[in-house]
Amino acid sequence: MKRATIVGATGFGGLGLIEILLRHPEFSIKQLIARKDVNIPVSNVFPHLKGLCDMRVDPAEKAGFDTDIAFFSTPDRAGMEIIDEYYKRNIPVIDFSGDFRFKTTQEYAAYATNKGIAENHLAPHVLSESVYGLPEKNRALLRTAKVAGNPGCFAITMILGLLPAMDEGIIESDIIICDGKTGVSGAGKNSGEANLYPQRYENISAYREGQHQHLVETENIINAKNNTDKKILFVPQIVPMTRGILVTIYADIKAGFDTKKIMGLYNDYYKGEPFVFITERSPGTADVRGSNRCLIKPIVDPRTGKLIVTAVTDNLVKGQSGNAVQTANIMMGFDETQALNTMALYP
Amino acid sequence: MKRATIVGATGFGGLGLIEILLRHPEFSIKQLIARKDVNIPVSNVFPHLKGLCDMRVDPAEKAGFDTDIAFFSTPDRAGMEIIDEYYKRNIPVIDFSGDFRFKTTQEYAAYATNKGIAENHLAPHVLSESVYGLPEKNRALLRTAKVAGNPGCFAITMILGLLPAMDEGIIESDIIICDGKTGVSGAGKNSGEANLYPQRYENISAYREGQHQHLVETENIINAKNNTDKKILFVPQIVPMTRGILVTIYADIKAGFDTKKIMGLYNDYYKGEPFVFITERSPGTADVRGSNRCLIKPIVDPRTGKLIVTAVTDNLVKGQSGNAVQTANIMMGFDETQALNTMALYP
Amino acid sequence: MKRATIVGATGFGGLGLIEILLRHPEFSIKQLIARKDVNIPVSNVFPHLKGLCDMRVDPAEKAGFDTDIAFFSTPDRAGMEIIDEYYKRNIPVIDFSGDFRFKTTQEYAAYATNKGIAENHLAPHVLSESVYGLPEKNRALLRTAKVAGNPGCFAITMILGLLPAMDEGIIESDIIICDGKTGVSGAGKNSGEANLYPQRYENISAYREGQHQHLVETENIINAKNNTDKKILFVPQIVPMTRGILVTIYADIKAGFDTKKIMGLYNDYYKGEPFVFITERSPGTADVRGSNRCLIKPIVDPRTGKLIVTAVTDNLVKGQSGNAVQTANIMMGFDETQALNTMALYP
Amino acid sequence: MKRATIVGATGFGGLGLIEILLRHPEFSIKQLIARKDVNIPVSNVFPHLKGLCDMRVDPAEKAGFDTDIAFFSTPDRAGMEIIDEYYKRNIPVIDFSGDFRFKTTQEYAAYATNKGIAENHLAPHVLSESVYGLPEKNRALLRTAKVAGNPGCFAITMILGLLPAMDEGIIESDIIICDGKTGVSGAGKNSGEANLYPQRYENISAYREGQHQHLVETENIINAKNNTDKKILFVPQIVPMTRGILVTIYADIKAGFDTKKIMGLYNDYYKGEPFVFITERSPGTADVRGSNRCLIKPIVDPRTGKLIVTAVTDNLVKGQSGNAVQTANIMMGFDETQALNTMALYP
């Protein structure tokens, strides 16, 4: 039984970790740490946890380090401030923000600019050793990683939708269009007036068109294998629902590909992946609600010859805490699917 | 490993059973039976099951009987037509409709009248041996039961909210008011035009005021212990959500009870119950979303002296398939909480 | 053309007034006043107003008094601080808070206690002259009123549902049970974390059981005619929708009343009322979405003999700004229905 | 006062017409015709109409022709069967389906293929005289038109978003990508099991990727002015809401355009249009809920140089009945904005 510490335990990310780790046969939760709502049971913050997890939430200054892994479900720039305490003790860390998704400070600065936060990195020595926490791409590297940067929810969905085509080198466009739709929970547990029920119901709108902070990591990963320089044009949109991401991807591909062939290519690429599935039916976010799955439908439009890929995830599971535990399973040498093979909640 | 057959596998009730039985360590699903969508994998009907349950759905005429238990997740009057095949083979049955919730044909007829269906019962010999499938009341009887009638979703929520006060004999009103609110899924997987998204969003309305079919069983159970004759005045309402029931109960109680005392009484009554919890915070249906829990808040209004009880369940879990598996666990001699201790999906 | 000033123009109440007054043939909006979002066009705050109302929002200190009527769509205790400036100039005022719903400081104090605000009243001389702004009850008084207290949204729905039975003296219970359900917009434009989309979707929960602040005014008005002393036991609940209130009322009535007779009584009582309709069909909040109507269904339950009344309103229209304009129409001597005869937005 | 007949009065389209025509100062409703729910008041079908419109719904065989205009809010192929009765009497007709959106039978056949309906046209002589009912493009032609084909809801939103750029000839891509999102009401009043509340909540999914039936008319109109041959790659998606369409458009444009310049171009193009507005803020469907407006935000992404246009409409108003009345106003010589200048319902 390995001990896990959750820093940032009282947000949606921390809650997702608690839910998964409680049913995990090889992890026990050692400590919950947060900034707000401290010194009370976490089940006071999330009443549905009562009787299932009544651990006290500790303030940051009470953080202990007798743990086997730490999850930082913290906002940007919180993780880089505290990472050294864990790093020097050789405690593996998985960070949920953008702090450790990049190898260089320049990439971090580009991310930070899009996000509108400070651009300097406070732990560049760790940055160079961190691994992007995407099992489908970096499984081998993660086995020995000390620090993993858990992908952004939109990023992971775009990347999984694009990897087979990119890694096979069949995309011809220099610019790939990704049209994203997300539920409101992606904005976190206290995201302000714009996300109140009356403001969000019956409303869909775009934001940060072309400038979302997940662009940098997405371009990094999809271009990695063939050292290409494709750009993503990404427009995110908020939809009146709580969980779920759908990304619709448009790109030119090499001549000779039709839907059957591209389906074959995607199926081959993800063969054996436990959580990525190719589907001939148009996937909906309801198909992955509460689950760690990503469903992908790649087709070639016969009228225009363009590749169209739709990919869905639950932004709080495969887009966040589920993927983090999958990564943790790899880092600790567990079966990668431990505690993650639950089914979507439907309806 | 005991074998379970699900009759009516392609409705929401059948799906709920599949979900729970798949994670159950002592049950394996033996056969799925339905009337529609037959001879295809159940994962064609519910795509989120792909890779988790791809069993073929068999038509009724292919029903085999090499099974250790059968769940009838079927509409009213379907179960009573086929029960004998199971009964004579000594296969325990749990039926989801009103077919086996009563001990007498008269009670069934009263139920049937409210529901607007035929009043004659086709298997009265079984009726007399059936047990109302409410573990919190009939645990001992269920241990040896052959046939259990799984409670209605509204009924179980009203009953759990009322049992402590009724069994302690402290309710004075002859008529107890129950104001019910339910999500739309209670109406099933194909409930018609009135429940389309545009018709249901931003809409709450009452139906069958005072005449809902769950009245008979509710009055039966709450009056059982003290042989009382209290009536329930029940007004159900449909709310724009998918899962969840909230019942608000109003009654006069004996002098001398305040909130503290009634809380104590309810806590004592449900002490040790694995799925019923008393809470001082007003419970919401989000607290039990996807879980087998029932949360209850009993208070005494100081201005009027009335008892107010609010109780919440997920109508598809504790209100349906979760309670059925809990009952099955008892009937088979398993740990009662097997496969049911999962937590609510929040948010 | 009479000039109207809106104080508190940037909340949902102020917005509702702008919407109605813009289509009103006898009112023009003279000034918009608010505390936040000042010195910008109101269409920057509510973009859907662009081109329809681009007036600048003025801060309170720029309030002019060259106006024929003032609507205070302000929080509790804001109106009583500024009323004198209008009162001494003989400018009629309609206030949306609890400030002027009562005739005595004692009643106000009882209201304030339930609401959790200071209990002293700052303008008792005005209080005694104010009229409760319910046209269906106080039409005659409102014709000459200088100050009207616009009813609370739950209060007006309960009162309209109860008035016929109360004024006819046929209710026998000392305690009347009102079970209320409301959409989230009742909590205002910035109501905090509990009302964010992820927290509110798929969730219904009660709050302030038995202690809601609308109790005092409701009891006042329903008891007025026959000088009775009935109490209301009111449990409000929040439902995952934006607009709409449904109140379900339970009471004992005199012998000899059945559904037909009570329907007749209610129809007679509201004969000629332009916005209150009796319906044999169970009314839904969708029937009144965006309209100034109140639909009421009174029945007598044959099993228990109890009166059951369901009543629906749009909490932002008949429950707030629509009723305020109806009252203003009366106070100014206009046709009472001016600008209010629009139909519900359906679906 | 001109008399209007509504054929197909009991669907969402017919209801939208009733709502607008009731407040129209120059139209009176002469007759309501439908196939289902006939010989009863329309307010029995839509209870919120009670007291506002209680006209009887007549079956088709009782259609009279003493009317000044007819709206066919009917499914595909219904209008072409009955058009001659109106055509030979010189009664202007506005049809809501694809029946009269095209000038040639070939175009109709292409539309019909995408829609999966019969390809032969039953009234080709009328087809050649019909005008595509888009005031912003065909205002002059509509003044003398006898038959107008009311645009598809997705089509009108795409077209309005593209016209300025297309008519100015600044789009360079041969293929323009349109990613569409729609509320559920677009599927009509009785759209089947897939659109029940439990199936649609918390769910977004694509359908008919690249093959939606609105493609033909969209390509027709945008290519008309400069006789170009641009293709639209259109992927529609259903979002858990009732009303509203958001289309996100991606295209390459001529060098030298930045956001400021493209905003200027769009503003100039729609100068004077009463219902199309350019906005610097990302528009949401809530901004147009229940209104006849279309809001458009055109920008140029500095990273990729691509044009990104987001456009929103209410699919039931500017996307259907509102646009039809706007067209009718033009055909009858009325002020084009009559009865249409209402504001969005917000929140």
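We just call them A, B, C and D in the order they show up, numbering each chain from 1.
By definition in this document, a contact is a pair of C-beta atoms (placed from the backbone, for glycine too) under 8 Å apart; a residue touches a chain by one contact, two chains touch by 3 or more.
Values in this document were obtained by computation on a predicted structure and should not be read as measured data.
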Quiz item: Can you list every chain that touches chain A and also touches chain C?
Solution: B, D
Quiz item: Between A-D and B-D, which chain pair is linked by more C-beta pairs in contact?
Solution: A-D
Quiz item: With chain centres defined as C-alpha means, what is the inter-centre distance between chain C and chain D in Å?
Solution: 37
Quiz item: With chain centres defined as C-alpha means, what is the inter-centre distance between chain A and chain D in Å?
Solution: 39
Practice problem: List the centre-to-centre spacing of chain B and chain D in whole Å, with centres computed as mean CA coordinates. | Solution: 46
Quiz item: Using the touch rule from the top of the page, what residues of chain D touch 2 or more other chains?
Solution: 12, 183, 185, 189, 198, 201-202, 240-243, 283, 286, 289, 347
Quiz prompt | Complex interface listing, chain D residues touching chain C | solution = 12, 15, 19, 22-23, 46-52, 185, 189, 201-202, 242-243, 277, 279, 281, 283, 286-291, 293, 316, 341-347
Quiz item: Which part of chain B faces chain C closely enough to touch in the complex?
Solution: 175, 177, 179, 181, 183, 198-199, 201-207, 209-211, 231, 233, 235, 237, 239-244, 246, 248, 250, 282-286, 289, 297, 299, 301-304, 306, 308, 310, 312, 347
Quiz item: What does chain B use to touch chain D in their complex?
Solution: 12, 183-185, 189-191, 193, 195-198, 200-202, 240-242
